[in-house]
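Across the two complexes that follow, chain A remains constant while its partner is chain B and subsequently chain C.
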Partner chain A sequence: MYNEKTWLGKLKVFGLFAAVPLFVFFTVVILPFLAGLFMTLTNWTGTGSYEFTGLSNYVVALRDSVFWDSMWLTLKYVLFTLLLTNVLGFGLALLVTSGLRSQNFFRAGFFTPNLIGGIILGFVWQFIFTRVLVYLGTEFNLGIFSSSWLADPGTAFWSLVVVGVWQNAGYMMLIYIAGLTGISASLTEAANLDGASYWKQLTRIRIPLMVPAFTISLFLTLQRSFMVYDTNLSLTRGGPYRSTEMIAMHVYNEAFVYQNYGPGQAKAFVLFLIVALIAILQVRAMKKVEVEA
Partner chain B sequence: MKMRKWASLSLATIMLTAVLSACGGGGKANEEGQTGDSTSNKPVDITVLVGKEEIAKPFEEMVREYNELQDQAKVTIIPLAGANGYERMSTLYASNNAPTVISIGQELPLMQDKLLDLSDQEWVQHASAGTLDYATFDDKVLGMPMAVEAFGFIYNKAVLDEVSGGSFDPDSVRTVDDLKALFEKIEASGMAPITVSPLDWSLGAHFANIMFTNQSADRDERHQFLEEIKNGAVDLENNAVFNGWMDTFDLMKAYNSAKNAPLAAQYDEAPLYLADGQAAMWFMGNWAYPQIKEADPDGEYGFLPVPISNNPDDYGNSQISASVSLYWAIDKEQSTPEQQAAAKDFLNWMIGSEKGQDYYVNQFSAIPAFTNFQIQPEDSLSQSVLYYMDNERTLEWMNLYFPPDGFPTMGASLQKYLTDNLDRAGVAKEFEDYWKTKE
Partner chain C sequence: MMSGKTGKRILLFIVSLLFLAVFIFPLLMIFLNSMKSRLDIVRDPLGLPTELSFVNYKEAYMTMNFSHALMNSVIVTVLSVALIIVLSAMLAYFLVRWNWKINNYILMILVSSMIIPFQAVMIPFVSIFGELNMLNSKWWLAYFYLGFGLSLATFMYHGFVKGVPKELEEAALIDGAGKFRVFGQVVFPILKPISTTLAILDVLWIWNDFLLPSLVLISEEDRTLPLSTFYFFGKYTSDYGVAMAALVLSIIPVIIFYLFMQKQIIQGVVEGAVK
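Moving on, here comes the complex of A and B:
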């Protein structure tokens, strides 16, 4: 890749392109990560002195049933948003590449939710769930909307899923559009001449060729749903009675709101391990199904 | 080609140096602020961390005015910027940028080593009775009370006058049965008796407070109760105060304006309901007055105690919870003596000068926690609080002694009770289980 032969030349290129990003990455990602890891072994309270406490923070963190409830809830949330976002995103991508007349307008429209910040989006949807839907529900006697979805643990969870899917599906649609348009026309033409049906073309040609797009989309939705915080905060604030506290919010609350820095940071590290493991497994599995045309 | 490469390389180097020197520059400016410059007459820079979002705007104006009035100190506000108080404090301390003046509440015990002893200040003599208890550690006063905050049943006087046929006397409700009779009368006239805002802090910090304070009129005894519940030595299910308190909660639940969907009730709607007379009462505190005033500027409002038994003389049945929940404190670890002196001056000006008092009472809608204030609040709700204070009919805010996760946990139990997902025994058990972990 590099043409530089001398040591100095290599150093120059490194200094030019990599030194600044590496420095920034080191100071804002690696250092805090290590400091955080160190913190889990102490009883530091955010200010002042501390003592080493071994692994006791991890014991506290792992024994906390609320932590596991929150983790379980988050896994459930990830599962549903992952499926729904990608099904919807892919469906929309097929729709807006099928040659509709106003497809550019629709592309922009479906993508827009992604441009709105999560906090604003949460408040908009909070208004919809607590006012608009309740108003419609009482006016037209629709049982499921007669009271706010955010007031009941079960429906509050689904509200979060709805908003999460609505926010991310447009973005995934964009990735799938790129994947779909990247398929060489010669392949679909050949399939057409051979008399392959639309369904056959989709499952045998398009989807297999789009596996890289699926890998990216699944990875992104996985990561985004696991780390969801902003919509969680503005939509439910973890309520009612802490039943919709996703894992990111749980970790934040544990450390800063309940002032348990050590266990909070330990939970964050456990979360990191789980997410890293899932992400690696997912990318590895997807690599196996990738094909070349 | 070669030329161009060198140009971009040097550009990158310049940028890198700029980044590094910017960091260094920041550090230097900071150091200057730390050591202060006593030789010249430059004003001392002090910073204030304000945790109360409700008063952020008028507070800013007050600080601007203070900066114009004198040239000894220049006050800068550090906003919370969305973080919670403790998070902000710990980051500021960790980055060696500790604020000179800090508004501090429940974090006080954690931060006590870092705060300046203010016992020699004049205002200590004038602080209202009991308001310094929480901020006193080893006989040192570490915080200046910010304002008195009170909560109880806020009532709309016009509505209750109409219901009771004549001028409503808040002292006429002293027992659970009285309260029930009042609720029935209100309901009979076609209004919702009460709004219960299902927020974890309102239920878990404020309503729960009553269960703890009413255990005993004696401060030591009720704090003993707090210790005992941590040791698991309290049997709530057979505790008279707990049961009376739950009886009242049952009434609030049954006559709640949002009883069909108790957790869907929105905080912002409640002051409007109260002002419109859609709901005659609201369990809330005087901090909500600005919103009530906006909806009904001329209305008269007052506080009713939360009765928890049928003996009118029982402790708590004629008292409302009124206390100081936030204090002003001064950092002694990272601030210079000059800064500390300037901070003391600022605090004294705030509560001692006519301007400061005017801001305090009229702009922050605060009830002063000092007996020597020249300016007194005039609105009806504050008058009601002052009435209880003057008659020494106030309850402590014991929730200041709750651990940080106390109110969300107890609030959650009460929310479950509101929606029938938990019964009385369940609430008792969840409370006991929670407190046992805090030994």
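Moving on, here comes the complex of A and C:
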């Protein structure tokens, strides 16, 4: 719309509208990103002199068995959280769109955990796992709750899954509600007249029409659970014995607890590559869905 | 026929209620135990409080320096969100209305930067800004939030500004308004729906964020609510009653926000996810 003729004029509008936000963006995101890339290729720790070390930081990072343990644990966590969150989220969405008079109240209730920070949610559940469930276990002789889930590596993992699912299911429910209410009523009415059962309507009409909602939800849960940190920190602190240290916490500890800056940053970049790959897959999947829809 | 339908409704209602009970149970437990003494909690965490006592709240409020932390959270959140909204809208307006070649590249860089997870820049971030003495200040924290929030906001505004007809702006220009006034008085008000969505998404993000402030704010007096809850809990884990009261206190502001803005929050979250 606008077209300044002179360089001075161009400089003026750029200074007026774009210079400040772009400067902030550059210093906060781009500069650390480039410095991070530089860090992985040198023994630089952010200040002072440095030497190029080639790819040795990446080699150290990828040879670290703790890193791979953490990576596998994270992938396992992602797999279970992804499945359970979306099954539960979709189920809740069906429940609160079934025409109950109080459905708005239920929607609001299921979404509530999403509003609260992960740090606080983790502490809430720490109390539930160490006190309330253990109390129920001893009082009613329930074997699975007889000792705290957080004290044993196996059950501590599942406690993280429980909290992750509880935290995100309400969010996915909202996306599925948007998908479900977007299906035109005439379709389901026609199916009703034809005498199709509820189950048939669900699997033949509604679910196929909701592919976009599923795609969005799956990738959202994927990203969220892959980068989980807050609940990991406040619920288990990676314990017992570093057995529940997810990948985000592993990178944090590597840098700020064990002071391994180079290899730590190399691990952070491996993480970035994985996330970027997921994002590219997501864009492709969305495009495909849009074409088919 | 009628009774079958009513029966189904009642069944659905009961199932929903059961699910909700399981969902709310942890928060209910925290609330219940926040009024009890440590001994009562250990003996029976499910029991009702014997009396309505706010002793725990008083102690939690004092020790975690609640009013101070709340103030810090409000300042950081409001300032950051205001900066993100205004500056992203301006940048997006510039990128759309000035047809420079470089603008496409700027947008491309912004959009691709959205996939960088915070952890990927966290270590050099701390090195650089620690060296520049820019850590340990809530004002600089707002600067950092602007940097991290800019790309998504600009992207969302960009899509919206493209759909705004130019005629209004051209009319204002003919009336003699400057470019900045055209933006501020004509365009920015039109962007209100997207501004609301962004404000809600960013408030929820910044209010609850832990990792970035935990790296930036080191001194006690600058701590935001999630930070002060975290440090408080580390010290008080065994004093359950007070710890529970602290958790309830830190949840209350969000719940109040939710009660007043429920419709906008739910709508904003859905729109943000679909984008």
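One rule holds in what follows: the second predicted complex is superposed on the first by the 244 of 293 C-alpha atoms of A that agree within 3 Å, B and C clash if a C-alpha of one lies under 4 Å from a C-alpha of the other, contacts with A are read in each partner's own complex, and residues count from 1 in each chain.
Here is the rule we go by: a residue touches a chain if its C-beta (ideal position, glycine included) is under 8 Å from a C-beta of that chain, and two chains touch if they have at least 3 such contacts.
Since this is a predicted model, take the numbers as computed values, not measurements.
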Touching partner for A:Val59 - first (chain B), second (chain C), both, neither: neither
Most chain A residues touched (candidates chain B, chain C): C
Which of chain B and chain C A:Leu281 touches, first, second, both or neither: neither
Contacts of A:Leu150 with chain B and chain C, given as first, second, both or neither: first
First (chain B), second (chain C), both or neither touched by A:Val20: both
Touched partner set for A:Gln259, first chain B, second chain C, both or neither: first
First (chain B), second (chain C), both or neither touched by A:Val289: neither
First, second, both or neither for A:Trp125, with chain B first and chain C second: second
Which superposed partner A:Leu142 touches (first chain B, second chain C, both, neither): neither
First (chain B), second (chain C), both or neither touched by A:Thr45: both
Interface residues of chain A shared between complexes with chain B and chain C: 16, 20, 45-47, 256
Sites on chain A touched by chain C in the complex: 1-3, 10, 13-14, 16-18, 20-22, 24-25, 27-33, 35-36, 38-39, 45-47, 92, 95-96, 98-100, 102-103, 106-120, 123-125, 127-128, 131-132, 135-136, 166, 170-171, 174-175, 177-178, 216, 220, 227, 229-230, 233-234, 248, 251-252, 255-256, 261, 264-265, 268-269, 271-272, 275-276, 279
In the complex with chain A, residue positions of chain C that touch it: 9, 12-13, 15-16, 19-20, 23-27, 29-30, 33, 41-42, 44-46, 87-88, 90-91, 93-95, 97-100, 106, 109-110, 113, 115-117, 119-128, 130-131, 143-144, 146-148, 150-151, 154, 166, 169-170, 179-180, 183, 204, 207-211, 226, 229-230, 233, 240, 243-244, 247, 250-251, 254-255, 257-258, 262, 265-266, 269-270, 273-274
Sites on chain B touched by chain A in the complex: 5, 8-9, 12-13, 15-16, 19, 83-84, 86-87, 89-90, 93-94, 107, 110-111, 113-114, 198, 200, 260-264, 266, 403-405, 408, 411-413, 415-416, 419
Residue ranges of chain A touching chain B (in the complex, touch as defined): 12, 15-16, 19-20, 23, 45-48, 130, 134, 147-148, 150-152, 239-242, 253, 256-260
